[in-house]
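One chain, subunit A, links the two complexes that follow: it is found with subunit B in the first and with subunit C in the second.
Our next item is the complex of A and B:
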């Protein structure tokens, strides 16, 4: 799968360039996230603005990524489209992840937290 | 005869306040336009089916204009809206109804006539929306008509079954089922709305996680997705001022193909996955009781509930920022227990998706939902195995457990140490296989519960849910069913409708109580004559239909004695056949001729897996075969079975009936709306003290109805004491013995010996749970009185007229007004 990544301050912005985050790409996505976490990224903003649909495998992969962080650092999400937001709420993942409207809001909130 | 026209109904022919009815030439233009641009054909080359589509599209344009205006009106007024959730909507054909309610029937007829086309041929080309089994589904359709006619903001929510109720053919006297692919040629009424599709998760598991604040966070994971795509059917009220919407959902897979499987070359498997999802809305279950554990049925019910609630919340959220106003703006009616999952789903949405505290969510859920019970039959009371719910809807099961825990704590605090009461009231039935009692879930989660006749509501209180009635006495009420006079009188019986309108004006169409003004006309010889002439024309038409489908010749001067409804033991078609056989044997063995010639007309479908019901059909056809061809009968008794009972067939039978049979064992039929249609059309009811019969008697007068047999209390005592011994009746009454022996012999099955021996076994040896023989003597007497009364045609027609005049109470408008005022708290938006 295609995954865009770039730094914004201390945060790593990760943007899946897929319109569907589903069973077809979930395993690959999870492995890529785990690599990023293993390589020392502790503040990650997952930008889902390109994702139009996410299924339970995709959501599971995001939860696994959070678990892999082991309570050290932050993994937040931003840019959720309506369908994705519905599914986040449906699974109550919005209570586990901080959800921001945009990448800028996420980065600024995380910098605020740090300060 | 008077031909006054006392008042004008504000609707039809002149068009509505906002929309003029189409002129004849405008109608022609619209039909030509749609033939060309919607169907790609010149109208002259169109088949009947294509012409139907072109006319329907022309009508649909008018419906859509009014539908959009209605929605604008609602948005401006922000009224409380009613949402009617039902697994069945037995609409029947729509074109005539839409034309009539829009006031466009005559312009359309004229437009087509000048094009050389007969409107009746076009009307016949329409496939029926048979999205229901019987009374429950037809009630839902009548209610939609009343809501729109009364200008009430009311929406229907249902399933867009690809296959409606099966088509019935009769082959060698047996029922054969054929699929009803009612949308095979397209459906002009539906507007597909893919942009408003709903995501419906199913299956998966609950992961017991922790939220950011360290609290318990149950997460529903590993689900699969079904997509519910809405299809809107405009529902126009009489006068055309209000067009509400019936929203029917089709299941779709979450994507066209699983592309990975597709890319791996397994095209068929990819398609199969898609088909599996779409199977959910494929077929209507052809029975009112569903075998427990049918996963597909559970998925259907959840598809309806999940899509409807998401849509309701979406619409509410458009104009409200929080949920404070939710119960003040939203009413949701559960049509029987099938949508009872709404209790758990609304709780889940409010708690999980909108982060409402449990107590607030529960208050809103109860204040919003109300529940109509339609049956006391144990097999129709839905229960879902815990194991199945856990697999399909794990988060809902968790919520149901929590509702139950809190509810039982409340019960225990009121009745400490009453463990038996807790066991009865629990949402969970313990046992070898634990099950969720959907009735209890609906009772607990609704602020109002209603039965569908006074008698039925009393039985709900005393036998179905006595503990709940004791806990919440004010929660229970009666809302006696009704039928729409637009379809069942104005459209089905235009001759009678014209006679009434020419006599008392047309105000009855929207205020059926006005039919009372007909009462004095029983003294008007001209009116009686015109009434009899109307009935005879309808009977001639039905006689022609009977000949066309069964090749049995019947006289329109005979008494038409009609028994049409689903075939079920509790409805006791068998009791009717017993009486017919008795009459036959009296004639051929005792030489007793019936006082009037009589045609017994049966119709109805049996659930495909219901052996006894299917045997009853075979019995009726076999008895008919013997009696109709026995020269000793001299044509004085005829027995016919009309195949494929459906709304459009009912529309032809009801206006032609002299007598309607409603003879269920007392305490088994919740309402029986069929009787209301018949009485409204001047048929006299022969019935038991069951369902709405009792209320019909109160309205029409006991001298204008023939009620007989055991009443509910007597039935209860007889069953409790075990005092019903069918063999006693057999030995004591030689007539009963003779007719039962006739079933045991091969009189009605000379080529299949022993075919009807099951009747003797079930009735005499296996307890006869529906007490046929206990009621048979009084039934035979009553049927004899009916024949004698029919001899006096003038006296009979007075009774028939009084039945019409006194059925105002049984309009669905009255029922809707009661629901609106006492349960939903909704107002017209005109």
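Our next item is the complex of A and C:
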């Protein structure tokens, strides 16, 4: 699947460019995220603003990425739409991930945590 | 509706169900949630019942009644162990968010279905597995059954 990646300070902003994060692409997405983590990115902002639909496989891939960080970094989420936010709440993942309205808010909060 | 058992075909089912739900006067969020449940069920049929083999068929039957919506997902693959839907089965959603290793990565699909739908039933007969999802409508409207297949 297509992922946009760019740095904002110490954070890596990862933006899936497809409108669905589902069983069809979940394995590919997870492998791409694991590569990014393995290459030393410890602060990742996952921008889901372009994603309209997430199923349990897509959500599982996001959780798997968090676990891969092993508590030695930050993986936060921003840009959730109302529908995808509903999934995070339904599965109680809103208690697991820090969720921000925008990329700017996420980067700002992570910079604050650091300082 | 029917698709061949390829994950690339699942969005078509999801979009069709979402549209049908919106015509049944459900909100966008409710329609999205029911479509998500159907997507999860079809994914399970493809991945578990058919072991990801293509060229099998998954049928989805949508019926609107005056007081409820019923969606049936049918396959002819391996049957699911009914214990996965037993009420006493612990939900993977009952996890400690502070305990990283216990945050579930798998098994969320059925949990989403059980949480969202009002009734969930699973039957196997003559080699055909049928998952029946029921959602009661808040405002009952007059009308007879309008099954669409």
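Assume the second predicted complex is superposed on the first by the 115 of 115 C-alpha atoms of A that agree within 3 Å, B and C clash if a C-alpha of one lies under 4 Å from a C-alpha of the other, contacts with A are read in each partner's own complex, and residues count from 1 in each chain.
Basically, a residue touches a chain if its C-beta (ideal position, glycine included) is under 8 Å from a C-beta of that chain, and two chains touch if they have at least 3 such contacts.
Bear in mind that the values here come from a model prediction, so they are computed numbers and not experimental data.
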Touched partner set for A:56, first subunit B, second subunit C, both or neither: both
Which of subunit B and subunit C A:24 touches, first, second, both or neither: both
Which partner reaches more residues of subunit A (counting touched residues only), subunit B or subunit C: C
Contacts of A:90 with subunit B and subunit C, given as first, second, both or neither: both
Touching partner for A:64 - first (subunit B), second (subunit C), both, neither: second
First (subunit B), second (subunit C), both or neither touched by A:5: neither
Touching partner for A:42 - first (subunit B), second (subunit C), both, neither: neither
Partner chain(s) touched by A:98 [first = subunit B, second = subunit C, both, neither]: first
Touching both subunit B and subunit C, residues of subunit A: 20, 23-24, 53, 55-56, 59-60, 63, 83, 86-87, 90-93, 95-96
Subunit B contact footprint on subunit A (complex, rising order): 20, 23-24, 53, 55-56, 59-60, 63, 83, 86-87, 89-93, 95-96, 98
Complex contact set, residues of subunit A against subunit C: 20, 22-24, 53, 55-57, 59-61, 63-64, 66-67, 70-71, 82-83, 86-87, 90-93, 95-96
Contact set on subunit B toward subunit A in their complex: 199, 201, 204, 207, 209-212, 217-225, 254-255, 258-260, 352-355
Parts of subunit C lying in touch with subunit A, wherever the complex brings them together: 7-8, 10-11, 14, 28-29, 32-33, 36, 39-40, 43, 46-47, 93, 95, 97, 100-101, 103-106, 108-109, 111-112, 115-116
